[in-house]
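Have a look at the structure below before the remarks.
As written, the chains take the letters A, B, C and D, and residue 1 is the first residue of each chain.
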């Protein structure tokens, strides 16, 4: 039996904790109590699963990718189709869980941070659905780059606050969301979008995302009567990966987390937190992060906005340290190649984030045996990336 | 017991048939035989349903729209979530069925027509998935307007042929696709996107879309133990509506098809084929259409590209004539208002096409009793319409 | 034994037929009359008078362009039919077949349509999107009104070839993918087999039309079929004169057009 | 009975404390020294020397801007600590508290960090993102090195107020949402209750800091607490001089800054 993480101090081994301004210690305590109580309440569980089924479209499909398997000539490849979720990515699972919790706690206003806008859209969506007010913090640079998602959030009724501090990207939006929460914690619920942040967020988000792995496990056993030999997921903050991996932690399946190597992990332009970062504190949690010698957090780079984050969830740091999960890094170009290959062989345009997981799996599949199996978490659809893809592929297609 | 339509001549009462150049009579015959044989083959049925479940994401959810129901203060409103299908609309159900049939017939090339690009994307998708070549005909005006979907089709590996004849919109793309089929019917399968065209297309597309109604019926009975009092669907060519209505034709549920009234059915700019058109032949089928005194087909108008079609499936013409279905028309503005209302109360951004069905249902819901129920077919998601919506709502949100 | 070819007694030969196609009103009704006269001069046996349609789905780009020009000039099915007496007045004596898509016919109504044909002395009608299975009522009316209903038959008409051929009136339009690849290759074996099969069952002349655009094509068709139908090529000859017509130089245009026809159909 | 306030014996009063905050290196280390001297002249009892950080999530826009200026000027945690002997050299005698986020501390390492503090004669340290539950090791080291570890306490610290207050050293930083809405309204009842509760359990002076930006705020705080902490307002006074500093007019800048401080803290 594995030790249950996080421990009572919110630690996953050496990582995690609550490195936050004193003002947030009360709200985090309140959140933790409400969460524990809710998760133990069958009524809450029922409501959460009811919304997932009747609103979000779960269970999402498990697709056997016959053509790509054949093309690569090795292991059988299965895709967990989080792209089929309402709003187009796994992000909604967590947003639903937290929104239900916020309602239960009597909070009528939610705060969210967003980079590419996926979590912002998911938050604005649940806010509309559950009648909550919603403020989304987004870097001014990202607002410029993701005009469409900004409009989508506004159409959903959310207020989008432009963050000009720092470089105006996700890290800064998160800082600003935390600051706003500090000042307004009385009646606001902060709906974090990944398994990051202070305890109990990493645990909570994981537990609202583990539906991915729970379903996959059941579906996989139905069609293959065996668990997958290897499971791949991309890692930004790490929520889709934790959600997928968690229910398999005690099994024999090899787990592979895939980070963004951007223009190469030997260049300064990447977001490969575990591959190249060092332990430190970011957004309230002790984990790995990208920083300079003085402990200043550095700007990450990835073509995929959802992986363009200098930290990573503390549970991943722990799984990295204990070698329970293998972490690899995949470049922009490799991800784009994998995206195109999947699109043209399976008729599925994945999110560029998800394409990182695909790329690593595709690299490895060919040298596996025909009776081995691979499960890849397709965390989201590529619709949001069309502008980027047009830029890159316009000449080719 | 209702008479089974279409009859042996491909007629739905007075409507339907095969008004095509002689060269297509052979291919249509071949198609009909292959279709009959396939539909009767449990293996084909299994494969079709397998792909729907493991690839397309079916069954799609039935969502109880509690907030909008409360807001309108009348009937309970349920949404059939075709927006959750892979590629974002009901169109894929049909594309999958026809692609499987094409493969079974040994055709390795498919032809499709598209207006907004939804059916083109669905066709390109199944072509990739099943290893077929795909040529999509699209009006040059539509290509200009739907740049993103054009790119998506190309990324999926399809060839997109620009059609400059006529006004360069859907009607002309369909003409051109038919012409191309005439010349290449030997080894090409024409994958029509709605319940239009010569027999057996209207029947085939209906039968590949009736999964919508079949699922809805079962799901509705599970949650309400009664069938819906009224069922709404938008009508362009009419495939999502036929798919939804068909399994309910013998029930007491009132069926309501909603056409696009554009800028008003008393203006020249609308696409309300049944409300304002007259019987005639279009794209191989005898049905209602919009035409001038000389029998020249006129250009329709609707803000929603998917409803911007001067004809309608012959089965709808029949259901209109026999009053089995009530047909209403909804303006651009009413559809946009309904779209915004649903977005902000339920967190679902519908396709503008689907918003026409919503608008009509919302108009009627308030004056219904609290124990009455409404089912609306949400045929697709609004992602494809963001540019249009930005133009219309930019100042409001 | 070609008993069913009469065109009200006006067609007095059953082989080596030259059947040109023009679009009524392209570029104007006046010019249609002029072109018809020139074609008759050059030996046309039957005139196919095309009615411009908004959605001519059996036609290629050339005829689509012609239809657009004619529609812009205000042509319609009714006007096209009413153009026939004008043709007569100016000396066109060969039988005229109205070529129209089905929808305009439907709008007029079958009965009125045939009344119109009768009143205006039209000898035949061809509806490319009204195949055998959908045309029974129209065929019966045509017989009653002594209007030839021209049928089409294609290589892939398969088992229906016999049926169509046996019911054919006036002449039978073979939509043949000729397999003409160049001067020397001649007709493909499939095409020959197809024409042979059609002729076996037909009691009317079998005319071939489909992409015939050179004198060589014409000669080749003459060898094997009873008639040659030429459409797009004639439209292109008209198109070549549009600039000259625009300038009002009518005689030059017609002369040049006539030369083109001569070149096309010479023995 | 304020036994735990010693700052290595340098703080000789336990009430009416004036605790200003500046960011080391904003806009340059030289100016930090000058500002510190002026603040000491104006009665500062303890200097909070802020270390600029890339992600100062407990700070508002004013301090963020200051941090950016200082980072651009090359400041770091190590350099900020090494600035303290410079301050001494130029005459700053009041205790200095290094205010730094936790991550830079982690990168240096706890042991090396405290060695650095010791070597450079730093009297206190405040880490805004290291709450009581996470700070045990650091607090223990601080005691060993005779460095005051300054704790923060907030109105919503709730049941933890007593615990935090009892362990407080140096002074206790009350993050108070003052409820100052205007000149006349005074402190909200909640704020007063909070401060009272903190004082009950604290063995060190209780200083209040949070949005204090006018002389009226200062006076109000003095009535109820042992000290007033002023950060953003001082940064804004510095910002107001940036143009003048840019022009090299040092004396004018410092004089104007000093006037601002005088106005802020006068009785």
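A few remarks follow.
The criterion applied here is as follows: a residue touches a chain if its C-beta (ideal position, glycine included) is under 8 Å from a C-beta of that chain, and two chains touch if they have at least 3 such contacts.
Not measured: the values here are computed from a predicted model.
Among the remaining chains, those touching subunit A as well as subunit C are B.
Removal of subunit B from consideration leaves the following touching groups: A, D | C. Here the spacing of subunit A and subunit D, counted between their Cα centres, is 38 Å. Look at where the CA atoms of subunit B average out and do the same for subunit D: the two points lie 67 Å apart.
If you average the CA atoms of subunit C and of subunit D, the two centres end up 98 Å from each other. Looking at subunit B, no residue sits in touch with two or more other chains. For subunit D, no residue reaches two or more other chains under the stated contact definition.
Taken chain by chain, the contacts run in an open path, each chain touching the next and the two ends left apart.
Contact between chains, as defined at the top, is found for A-B, A-D, B-C.
Against subunit B, in their complex, subunit A makes its touches with residues 53-57, 60-64, 67, 81, 83-86, 88, 124-129, 131, 148, 151-152, 154-157, 340, 343-349, 383, 386, 389-390, 393-394, 397. For subunit D in complex with subunit A, the touching residues are 53-61, 64, 71, 76-78, 101-108, 128-134, 152-154, 156-158, 160, 164, 175.
Across the interface of their complex, subunit D is touched by residues 9, 17-23, 25-27, 29, 165-166, 171-172, 175, 178-179, 182, 185-186, 278-284, 286, 289, 291, 293-298 of subunit A.
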